[in-house]
Structure formats: C-alpha cells, structure tokens
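So that you can tell them apart, the chains are marked A, B, C, D, E and F in the order they are listed, and the count of residues begins at 1 in each.
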Amino acid sequence: MIQRSTGGFSAGQEGPAGLDAAAKAGILVEALPYIRRFWHKVVVVKYGGNAMRRDLASPGGDLACFAEDIVLMRSVGMLPVVVHGGGPQIGDMLSRLGKEARFDDGQRVTDAETLEIVRMVLVGKVNRDIVGAINVHGPLAVGLSGEDAGLINASAHRGDLGFVGTVDAVNPEILEHLLAQVLIPVVATIGSDAAGQAYNINADTVAGALAVALKAEKLVYLTDVEGIRRVPDDPATLLSRLTVDQLEDLVSDGTVTAGMIPKASACVSAVRGGVGHAHVLDGTVPHALLLEVFTREGAGTMVGL
Amino acid sequence: MIQRSTGGFSAGQEGPAGLDAAAKAGILVEALPYIRRFWHKVVVVKYGGNAMRRDLASPGGDLACFAEDIVLMRSVGMLPVVVHGGGPQIGDMLSRLGKEARFDDGQRVTDAETLEIVRMVLVGKVNRDIVGAINVHGPLAVGLSGEDAGLINASAHRGDLGFVGTVDAVNPEILEHLLAQVLIPVVATIGSDAAGQAYNINADTVAGALAVALKAEKLVYLTDVEGIRRVPDDPATLLSRLTVDQLEDLVSDGTVTAGMIPKASACVSAVRGGVGHAHVLDGTVPHALLLEVFTREGAGTMVGL
Amino acid sequence: MIQRSTGGFSAGQEGPAGLDAAAKAGILVEALPYIRRFWHKVVVVKYGGNAMRRDLASPGGDLACFAEDIVLMRSVGMLPVVVHGGGPQIGDMLSRLGKEARFDDGQRVTDAETLEIVRMVLVGKVNRDIVGAINVHGPLAVGLSGEDAGLINASAHRGDLGFVGTVDAVNPEILEHLLAQVLIPVVATIGSDAAGQAYNINADTVAGALAVALKAEKLVYLTDVEGIRRVPDDPATLLSRLTVDQLEDLVSDGTVTAGMIPKASACVSAVRGGVGHAHVLDGTVPHALLLEVFTREGAGTMVGL
Amino acid sequence: MIQRSTGGFSAGQEGPAGLDAAAKAGILVEALPYIRRFWHKVVVVKYGGNAMRRDLASPGGDLACFAEDIVLMRSVGMLPVVVHGGGPQIGDMLSRLGKEARFDDGQRVTDAETLEIVRMVLVGKVNRDIVGAINVHGPLAVGLSGEDAGLINASAHRGDLGFVGTVDAVNPEILEHLLAQVLIPVVATIGSDAAGQAYNINADTVAGALAVALKAEKLVYLTDVEGIRRVPDDPATLLSRLTVDQLEDLVSDGTVTAGMIPKASACVSAVRGGVGHAHVLDGTVPHALLLEVFTREGAGTMVGL
Amino acid sequence: MIQRSTGGFSAGQEGPAGLDAAAKAGILVEALPYIRRFWHKVVVVKYGGNAMRRDLASPGGDLACFAEDIVLMRSVGMLPVVVHGGGPQIGDMLSRLGKEARFDDGQRVTDAETLEIVRMVLVGKVNRDIVGAINVHGPLAVGLSGEDAGLINASAHRGDLGFVGTVDAVNPEILEHLLAQVLIPVVATIGSDAAGQAYNINADTVAGALAVALKAEKLVYLTDVEGIRRVPDDPATLLSRLTVDQLEDLVSDGTVTAGMIPKASACVSAVRGGVGHAHVLDGTVPHALLLEVFTREGAGTMVGL
Amino acid sequence: MIQRSTGGFSAGQEGPAGLDAAAKAGILVEALPYIRRFWHKVVVVKYGGNAMRRDLASPGGDLACFAEDIVLMRSVGMLPVVVHGGGPQIGDMLSRLGKEARFDDGQRVTDAETLEIVRMVLVGKVNRDIVGAINVHGPLAVGLSGEDAGLINASAHRGDLGFVGTVDAVNPEILEHLLAQVLIPVVATIGSDAAGQAYNINADTVAGALAVALKAEKLVYLTDVEGIRRVPDDPATLLSRLTVDQLEDLVSDGTVTAGMIPKASACVSAVRGGVGHAHVLDGTVPHALLLEVFTREGAGTMVGL
C-alpha cells in the first residue's frame, strides 16, 4: 500500500475497476479455507536437482521463484521445511576434480574421497544457494546438514556401495526448535553414525522420513514432470488425486515407472506413517507449489489415505 | 484439495492451464508482502449501519461477505477488531415501540428509556448478528459491549443530550486477552461511568479510540462511498492516498463535507495517535476490505503521516 | 481502614469493645475453612427471573445485593460464573410489541421473530443489567451469549416449538480464559448451531451443563423459595442437606413438585456429572448466597453424593 | 457445609433465622473491600516475645489463635511473613545453662557462647513452635533464619556488644520464592556476614527492613498494649489513626515512651520507605490481627503517610 | 585467572610446563563424562555426626571441606541435598542441662523435654553450622526441618520410645522448589504428624526416604569408615562395587555388622526404590565425596542394581 | 563409576591411595571458582587453520582434543561458540581445481568462482569436520554460516578485492536460540548482504564481532604460538596477563608483529566492547583451552581492561 504513487494527490486511475477487482477478490477468497486449514502445519518440500535445472543465479530463475513460494507459505502461517539433493552439481564437481562417477543399480558408489566431495557440494554449495535465495526476503532460512544436532542417524546402506547411507533414526528436535522460532530449515541429506562417520543418503527417502518424524501435514516432491499420469506419455491423463491403495496398484501394474518409483513408494510410506497428504508436482512450472496448496484445482498429483 | 473430485481416478481436466494458472499465481504472489507485513498486527474495522444496508440474513449478503473478509484477515495472522453502530436498526425498533426519535445537531437525544432500547438493539441484535455471521466459520468471534470489564469509560457528552456519551478512557485489557487467544472481538459502542450508568457513544469515535489504545496498524471505516474524492460528485477524482496534512487541508477548504467530516477527523487523530494507516472504503463493494489490504492498488482512500 | 475518621487525632471511641469484637472475630474465623476449601474453585450461580423480582435499578435492591455477593466470592478467590434467564422481562417486551406469547407444555413456542426479541432482551437488557451491577465494583464482569466463541452448541428441542433449543455440547474454553484472568463471566442462555442459527435454551439446564463442563465445585440455584421442604407448605420442614438418592426419592414420591422438578433433576445430573455440591436457595433473602457458602448452618438445601 | 448433620433428613432447625443471619451477612460484607484491596499484598507481622506470654502449647492459647489469624489472612489471598523475637525463651535457656545475662543500654551483650544459645533458641525452638502451630492447618509455613540464602547481611552493631548485629542489606529473593509458592515464611532474626559469622539482631528492626525490601502493604507489630495512646495510662485515649508526622511529634513531646519508641521509629521508617501502613496492636486480644485488617474500626493504631 | 600476578608484565615462569600441565588436563578430562552424566541430577548426601568429628569451626576443618565439596557439586550442575544427624552435639547439650540420656535397643528414649532439646540442637545448632559453612561461598544453602511445608510426615516408631518417629510419607515439594532455584537444602531430621507433634527420626532412614521421593541419582553416606569391606578389619578388602543382592548376602552372612547394618539396608531400599546408586564413604578423608563422584576409581563402596 | 571392574567382588586395589587422591582432589578444588564464575557465560573460541595443522581425522589428533575441550566447557555450564577459518584447506582445493591464489596486502583476491570454492570448503568441509568431531560426544553441535538467519551482514571490504567482506552488523538471535537449547554453534565466516551476495570474511574479525554481540565472557584465539611474548623469539618471556593499554603499547613499539597484529587488535576491540577477557593460546598444546580456563596459572596470554 505504501508503494502506491508516493507523490501528492493521486487519483486511483488504475484502481480495481469492475471485473478485475472481483476476480482478484475471488482468488483471495478461494485461498481462505486452505490458509486456515494449514495454519502452523509442517510442510516438507523436497526440491530436486532436476527442478533446479535452469540458471540458479538469475533473479527470475527457478530457484528465486521457488524461494518466493516457500516464503509465501511461511507468511501465511505454514511451517515449511526444505530438503534438497544435488546430483547434477555433484557430478559437475567430481568431473572438475577428475573423479569418475561409478554407479551400481542407480546408486553412486561412494568412497571416502567421493563422500567428502558430495558433502562439500551439498552442504557448501547447493544448500547455501537455497538459503541465500530465501534470505533475500529476510533472515528466515537456516541451512542444516543431517549431521547437525544428531538430526539423522545413518548407517551403510549396502556394504559394497561405500558411504551411501540409510536412515536409522530421525531426531527432529533441532527442526522443532527452528520451526518454533518460525525459521525455515533447509536440510542437506548427509547423515552420520555414532562414531561421527558421515553418509550420503537419497534425498527422496530423507524427505519422507523427516515428514513422518515431524508429523507433517504435507510432503511435496517438486520434480520435472507435472505429476503421475495414467498413460505415462499423455499429459491429458494426469491423475490429480489418488489413494495410497490406487498408487500401489499403479506401481504393481507397471503404470508408474523408473524414476517415479522411489517417489511413489516414499509417498505411500509417508501417508501410511501419518503425513496428511503427499504431492508430486512439476517444479519448473512457476509457482506450481502455491497453486497446488492454495487453489481448488491444484497443479499436480495429490496422494491421500 | 480434499474437495477435488472425490471419486476414483480423475484426470485434471480443469487444472490450471496456461494463463489462468499464471494469473492466479500472480495474485497470490502480489499479496505476499502485505501478508508478511501485517502479521500479528491489530486492525480495527468500523462496520457502519450504512454498510449493512442490504439484507443481513441472506447468505451472499453484505454481512456474510464482510464476515468472510474478517475471517480471512485473521487466517493470515492479522488481529481484526470489529466496531459497529446500528442507527437504522435502532430507528426501526424505536418506531415499532412508538418512541419518537429526537435529534439535536445530528445527535440523538437519549433519555433513559431510549438508552435502554439503543443498548438492547446494539448489544442484543446488531452485535449478535455480526458475531453469528463470523461464527459460521468457527468459534471465532466474541461479542462485547464497552461496559464489559471496564473497556470504555464514558461520561455525558453534553448536558442536554441525555445519555449520549463521550470516551473518557479506554482500558483495552479485555481486548488484548481475547486477541492473545486469536479470537475476534466485536464491540458494541456502549460505555459506562464509575456508577454503572451506561452511555451511547458515536461508533466512529469509539473505533478511533480503540485503534489508538491497541496501537493498531490500521483503522478501517467501511461506509457507502468508495473513499474521499477531490470533487465530491466525481468518482474519477477518488484520492487513493493522503497525508494527514492534506486531509486537514481538504476539510478546511470544504472539499470534505457533511457525513465524512467526523470520519476524516477520526482518521487524523488516530494516525497522529500512533495508528499506522487509516482507510475509508465502500463496504458495499464485495471484498473491498481484502482488496484494500492485500493488493497494490487498494480500493479506497488511505491516510498516513 | 483508610476510611477511619480522616481528621487528625481520633480516639477509638467506637473501637471493637468486648463482646462485639469477639462476635465479629468469630464470624471471620468460622468462614476460614470454607474460604480455604473453595480457593480457585468454580461456582456456577443460576440467577433466575424470579429472584430478580424487585426493582433491579435501586441501589439496595436484589440485584445490587446479588452483585455484591458475587464480587465477595471472587474477592476470596472463588471463580463465580453467572447464568441467567429473563422470563418476565421477555414477557414485558413481547407484550409492548404486541406479540402474543404462546406456550406448549410450559415451553414458549418461539418463531423467528420471537427468538430475535428473546435474544435482544436476554443479551441486550438482562445480561447488561447484571454486568452493570457487578461492574460498579470494578472492571470485573464480561457479558457473554452462548453464541460467543462457540460456547453452547444447540439444536431444536422439539420440532413444533420453533427455536427452543437443547444443549448438544459445551465448549468452555472462552469461560476458562476469562476465569484465568479472574474475570466474572455472565452468560445469557442463547446457543447456536453450526449454521449460525440461534436457539433459546432453558437457563436451569444451561447452568447445569456449564457446571459439569467446567468441573465446578458448586452449582447454585437462586430461586424464590428457601430450598426443598419435606412438607411443601411448611417452612419448618426445610431439608438442609440431601443426597442425590434422597432427592430422587422425593421426586418419585411426589414431595418435590411443579417448578422445583427441573431444578431438582438438574441438581442430580450435575452432582452425578462431577460437580461437588448443588444448592437451592431463596435469592430474595439478602446475602443468602454468602450465608450458604461461608457459614456452617447455610441458608437453603445442599445436595451431594 | 459438609459438616452439617451427616445423618439423613435434617430440618434446618438452627438455620440463620432473622436478625442473626443478617448480622453474619453484615460482617462478611463489611470485610469485602478490605479483602479485595489486600489481594496478593505482602503483610509483615512481628510477633513479639511479649505477645506469646501465655502457654504456647495449649490449643486455645495465644499462639494457636495467632496461627489461625495468619492462615486466614493467607486464605483470602494476602501474603503474610512472620518475624519473631524470643527474649523470654532466651532468658530461660541462659539461666538453665547458668549463663548470666548482661545488658548494656537495653541490649544484650552477646559473646560467642551466648550467640550460639540465642541462635539455638530462636531458630530451634521459638521458630519451630510458630511453624508447628501454623502447620496444624496444612503444609503452609517454612521456618527460616536470616542466614538462609543470604537473606540478612549483618555486621556488629557496636564493638562492645559482641555479636549483636545491625542490618546491612536484605536480599529478599528467598522470601519472594516462598511467597510465589503461597507459603508462609517464618523468620528468626539471625543475620550473617560474608565470612559466615552470625549475629543476633533486634526483631523490630528486622521486621521493618523486610517490609521495606518486600514493598509490603502492611507492617504489623503485635505487642501487649492495644496501640499508641495520647495519655499513656488512659486506654480511652487510644489513637486509632496517625500520620508519620503526628507520630514523630508524639515521640518528640514525650507522649510515646520507653518500649514503644523503637516500634514507633520503625513504623516511621517503614512508611517513609514505601510500606503502605504500619500498625501497633495488642496481640493478646484474641484475633486482634483480623479485626484490625478486616473491619472498619480496626483494633489498634494505624500509621500512614 | 584474575588472581594471576596483578602487577604489570609477568612472564609465565610457573606456567603449566610439560608433565604438570598434562597431568592437570588429564584429571579435568577424566571428570568430563561424570559431570555430563550428573547434570541436573539430585544427590542426597547424609552427613553424619561421626563425619563431623573434628573441629567444626576451624577453616580447614572437616565441615569446611565438606561444604566446599557440596558447592563444587552444585557448581557443575548437580543438585545436592544435605541430610544431617547430630548425635554427639545432642549428647553434649543434654549433659550440660543435666538430662540423663536413656537408650533402648540403640535408640534414644525421647520424652517431651528431650525432644525439645534434640530439636533445638539439630535445627538451631547443627543445621545452622552446616548452612553457615556452605554460605561462606554465597547465598546458596537454606536450612529446613522436616516440619517445614509438611516435608516429613511422621508418627511414633514404638510406643515405649516416646517421640522417636518413623517416616510415614515424604512431601518433597518444598525441596523441589528450592532445587529449581538452584539452592541447596540442608535438612534436619525432625518430622511432624497432622496434629503438629514433632518427632526425632533416624537420619540414615530420612536420607533414604528423601532420595527415593526425589528420584535421586545418588544417595551418599559419609561415615568414618572408608566403605564396606569383605574382612571388616582389613582395609585392603574394601569392596568398591556391589550389587544390592551381593550386599544383602553380606548382611545375611554376617560380614556387614553393627553400625553399618542400618546404612546397608537403607542403601538396598533406596536402590530398589529407584535411586541410581548408593555410596558409603569415609567423610573424614578430604574431598572423598568429589573423588567418589568425579573419578574412575572412586573412594569407597558403590551399590547398584 | 559404572565402568569400575564389572565383575563380582572387587577390592579397590587401585583406589586413590594417599598422595594421588589428594592431588586429584586438589585439581578439582582448584577448578571450582572458575566453573562457578563461568556458569552460563558465553565463550567464543576462534579455532584457526593453523591450530588444525595435524591430522584432523585421527582420534587422538588436534581436532578430537579440541572437540573434547569444547564439550567439557559445555558440560560444566559454559556456552561455547566456535568460529573457524580454513586457509590451508581452501588453498588445497583451489590448487586441485587449478585456480591460482592471488593475494593483495595479505588478503585473498576473491572473484565469484573463488568465493564459491571458499564457501564450499569452509561450510561444506571444515565446518562439517568440526561439527562431526564434537558430535561424537552427542547431538551437541550445529554448523552455521554467517548467511543463516541473517547472522552476519557484510559488504565488500575494498573495491579491488572482490568478494572479501567486512562485518556491517551482527544479528545474534539464531546463536542465542541455539545457546538457549544448550547447543554448540560452529560458525563458518561467510556473510551476506541484503541482495543475498555472499562474502568471505576474516575469521579473527568475525570472532571478535560475535563475542561483542553476544556479550561474551571470553574470546579465545587458538593459534600455533603459546601467547604474546615480550621477546618474540624467547618462550621464557611469555606475558601471561596484559591490560588493553599494555597490549596497545606492545603493538606501537613493534613488539607484537606480523600475524599476531590482527589478533591483538581484535582482542583490544572486544575487551573495549564489553567482552570480559580475551585470550591467545597455543591450540596445538593438548587441552591448552581447559588449562587456560580452569587453572590458576593458565596456559597463554590473557587480556583484560
């Protein structure tokens, strides 16, 4: 309001005439029941490497838009927690350092040196970029690794993958303290064991585990597809609402494939573990997160009991 | 979200395609800085008899729409306080009871019997209707008279007007307790003196006094004109932003006239007394309150320092 | 103490000599165990239309005396809640407005217009008079309707009685907040349903329901008889103490009759529902409330397990 | 109430008929403004050796009566603090142990051995007797010495009196903690210095210093005279109210003499130091404390600004 | 640090060279896990008459050393509670007053006069000496008798022993309040019954009962032997660690004898009642308490489950 | 204690005999006044790249020893905050990536790419290593960058150095929240401006600024020299205590040289800004931190007013 023409007497020439005002009011009124419903509810948002495809640094880029959405959710009383991966950025750094990536069954084989680079990129670059993009709006975000204050207890996932970890336990106290201060935690998915050994953990899995531990209202996966489809190649067959049983059937019958399988099974576990709803959205559509949360039609696929 | 087609597999056929989604997102994003700025700020809204002109009882009527706006403001963390008058309703009841209204210089001459009827209508009818309209959305509103918990100390305004009162002191503790419980106080403008004598007080004045006592961020007058105009009869000359000095000049030079003068001077006193901004809006425009508070162009006249 | 002769040297000529001082001290000492026992305990007092028989407005009238007793109870740490009806006042207003009262089996048939008048009189007149009488002693009382903050959820009692309601649920949170601030709630017995429709409810029933919801120590009915008698017409047969079983026997064998039956059964339900004791007193005896609560002999009938 | 005849149906034969009930009610009503005024106010009561003259142990004795008064004051929300001396009891023990008492200018010359006996009697006998008498009414009193938690910092009053101390500083935190738990501190007037050396201090002085440190509403001296008189030997000249200036004049002109002088000057200092009122009463009159605090006429002399 | 040579430039000639610094560091590091483990844990320490053998008053004496240990324990976050007896001091006073001590089966036959002397010595002398010794380090200790705030409810142990009491119930609230203020309670083992009658109670028993009521981490008996030995006369057979079962066997087979039996059985009850560990130490060895609590080898006998 | 020989009956053969026990006790007793004095006081410890010289990963290495000291300080109630640099580690990574380091007047010229690598190493590697080393002892440490929650507002130090920053303001709220949870913040010295641009800031300067903002009791620089010497090359001339004036003189007269100058001036600013004492120690001496804080002789140089 303060930004209205700052000079002296200014007639409201572009004031909300007729239809325009009514349309604006309609949007605000539509958002009302959602805003009330989600008051002080935790929302865990997984922001994937694929969603960050476009230039991170540019002001109107994907990351800036994502940060704005997170800040808006917090502004209306929700408690967002961001969990991120960083596959492409890790790949870049490994190749700059001349380390060859080795994968086994889709998982990166991680020796001690690789782990150190993974951790450095996730905690020292990707996490920082996200925190920085949010904090343009004020001193809101705090970056964390799962090692901080014992947040994620991990152990080796499989003996032959090196320091690839699995989540043994989540100790959400540090997140709860930050949320109680209305701060936005941004979590890099490194865990550690009792001896202080760090492990790299799949970010989809961590997001689900944190959502359950925090009794979150929502778990949202921002990916580069608009949601789950009945016919994988046909956007017109997007499924906007699914039960966990239906989703399990879609996995069994092969409708859900490849990269979507881990997300689908994380959605099922989270909703069965007490999370209100899980969502899969296209994070490259501007403000898809807001539209999914605050409008009736939503923007992707919502999974409930 | 939960309201999405409740049946089985439903393709998102009316999902937010292209432009429509972007427009919705734009409105939500525009509202962001306002929502953040007004977090936990008190807003005193004077809801006038003239704004309630149309059928109170009908679901889409003015009162239902007003109640929705108040609930939305609270949903996004603001702390609304409603102050109301009830001139037309008082007039109706007096005539039903065969009491002739007598006015002196625009103020109702109020004998003991008239006072009892005024109080009965304001506290037992108008206040109840507003509380009821808000509480359709949940157990949110609590009706109060200025007599409750010593909220408004009053004394006779002028010897010859009977029990027409003037505000001597505001004791806002009861309002602060209710606001701390995130309840919405709805205040009927009856005050009382130390001996327990009740007085009827001008609602515009009470709204201003409460706004100052509560250190409110905003004081909003909902009337039946869209704001203050440079040329009273020309809607195209609406002034969307004024300083208190400019407003005082407009009163001196006769631009502001008649019924708007008391509101104008209450705006000036409130802003000088520490209230952030005062607003004059047309309460009969649907959701004018939301548009004024949450959009860049606003909907009426805003007065600041 | 401060009121002692305000001039200079004043000999204590009317000081508490001999017997007089001892008698005064005796009363104070007798009250001690009661005051200690009732510390921070809730007492729901039903103040009936019949108890308000005499001139409400006069300083030494029944209402002023009742208000003084309520304030004294609070002064010594009890938490009084006042519930009131207003039959005679409603009747007066209906007849002034030319509405004919229609009763069916002792209950007022209440159409929409009648309900509006009932509500206006209870909330806007009787409630206000009680709040005003208490607040002569300080900013202590807050008037409420059962509609405020969802206090009383109601529905239609019987299809053919119109808006006569029955209590479906009590949400005592607003009362608990006010009591935590050591304020005195004064409750008009209007309830509402989820759609915002108001209902008029029997005040004896509401008092009992609130006492149970608040886990009150005492539920006190102030009526115009001194209590329950073994021989209805013989004041010498007042029963000063009864168990709920005994009271039920008295109802079965016809000893308790007519107007006392609803109170008797409300007493039984309340005590069975966890209220410490229920009392029936003559509210027209000056300070009967204090004598019942703070002296060994009491003043009416006390019902316990 | 519960004590009423416990058998079956009992007619209220000794109920508060006519005048008697009215008189009882009158006393209760008279006490009301005082009880309200002193809510959560601290009252320091000096209980002197002379007031304990009669048999401490007997149930109806002075101490039992004093304890009852203290518990009543607490029951109605006041926060009493008891300060006591114990001259006669100290004298008894010294003579049993064959120590000869030596006085210089009215103060006991106190060598190390005498101090140990003084402390033992005050803390281990008199203090215990008072705590025990109060705790018959519940777990209310806690005995303290001025040495506990650094309550009273003391140093030698005069080089030649040995371990007779003067108050250097009061650290009232421990009293404030106990009062916040609504416990009744009973203080023996031993202080200590930084090196841990104990001192015996005049109880009248300690009472005044604690009252000032606690910002007490009242400081009450219970003695064996009924108050301050204009003509010392004539009870009819009791002064029921005095200003500090008047009291200073009475000391200057010799009206106040001997044993009353220290109390008079402690009253003056305390009132000048911020204590509301100081009182001198005859502690041997049953319940004089209650009558002074809760009745209009009072029972002794009250000193104010 | 501040105490380092206060003059100008001082070379660190006696700085922690080589081995010495390492040794110091080693001790500090060894204490670390214990300090962390006992953070905010309650430790009840029984300080016995026999442990106070040597001159109480001398600065380097046993009591000063004990006080220092208690203050150190509190400094590192533990919550010590001191319980004391005073047999020798009671004996001295009884003989000074010419009362002959009479024992029956090891327990003092206690008539009313003896009780008064016992109480006077315990509360007014021994308790005061301990409080004074601790408070040389700051306003830390508060002396209590079991009579205060209903801490120890007692009754006669055996009809023919007079006022020798047994613990019926512990009401630890007053201790919890003081511990919450980080104060050090020092408890004299006098209890009282509902009628206010005091009783003298065995201090070993009281210490155990308080430890259980406070859910203490440790119960420590400071005696004049270094602990429990396999061969009573052979110090080389000290048992540094025992289970409660082992300790019971040692009592059964006669290894534990005489004065140690009550302590042994109090240790067993306390550990079975939920206390972490019980300890028996030689309180005359300087700082045995610190060594037992903060070093790996300990200093006496520790009893656990 | 629990670790004592776990088998059955074990005689205390290696119990603290004679001298050894006394020596242990002496160390513990000496530490007492320091532990008490520093209770709940903030200590900012700058852990420098040079102090981490030796193998970080090895269990008995410098970092493990440092972590142990930090945990011990916290165990006894102090509130440590760790600030670290990482020059050598940054240099390693730059050379691995083929970036040539360029220095101007001792400060690294930092272009955008260099900044990203600096941040990645500090936040993603050095900070993680320190957090990991501390968290071996429990979920205690939380890693932070100065970008988190707006902790450090920075701007460009000099136009030609690129993204080398200077501290404009410290917003210590996030540190205060973590300290209130008794967590240990570990801070990487990256700051950011309002537009979200990150800057690399000198760690000595940041440590001083945080100490002042947190009103720390101590600011400790762990370096690779044992403190400040009168004759730089002569260890025997270590100055164990200095005033800020004396330290300024030593800088003026050239005694303090080169690398020590920035630390010396940070010490002076911090102490002048309200920090209790500043210390310079040799971080490669095992447990120098503990010896400095908890022993009388200390281990390095202490600077006070």
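Rule of thumb we're sticking to: a contact is a pair of C-beta atoms (placed from the backbone, for glycine too) under 8 Å apart; a residue touches a chain by one contact, two chains touch by 3 or more.
Fair warning: this is a prediction, and the values are worked out from it, not measured in the lab.
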Q. Common contacts of subunit A and subunit D?
A. none
Q: Please indicate which chain is farthest from subunit A, where distance is taken between mean Cα coordinates of the chains.
A: D
Q.
So, comparing C-alpha centroids, which chain is the farthest one from subunit E?
A. B
Q: Using mean C-alpha positions as chain centres, tell me how far subunit A is from subunit B in Å, no decimals.
A: 41
Q | Cα-centroid distance, subunit C relative to subunit E, in whole angstrom | A | 57
Q | Set of subunit B residues in contact with two or more other chains | A | none
Q) Connecting every touching chain pair, does the picture come out as line, ring, star, complete or other? A) ring
Q: Please give the residue numbers of subunit A that touch subunit F in the complex, ascending.
A: 96-97, 116, 119-125, 127-128, 131-133, 135-136, 138-145, 147-151, 171, 173-174, 177-178, 181, 183, 190, 192, 194-196, 198
(Q) Give the list of subunit B residues in touch with subunit A in this complex. (A) 1-5, 8-16, 21-25, 27-29, 31-32, 34-36, 39, 68, 71-72, 75-77, 227, 230, 236-242, 246, 277, 285-287, 290-299, 302, 304
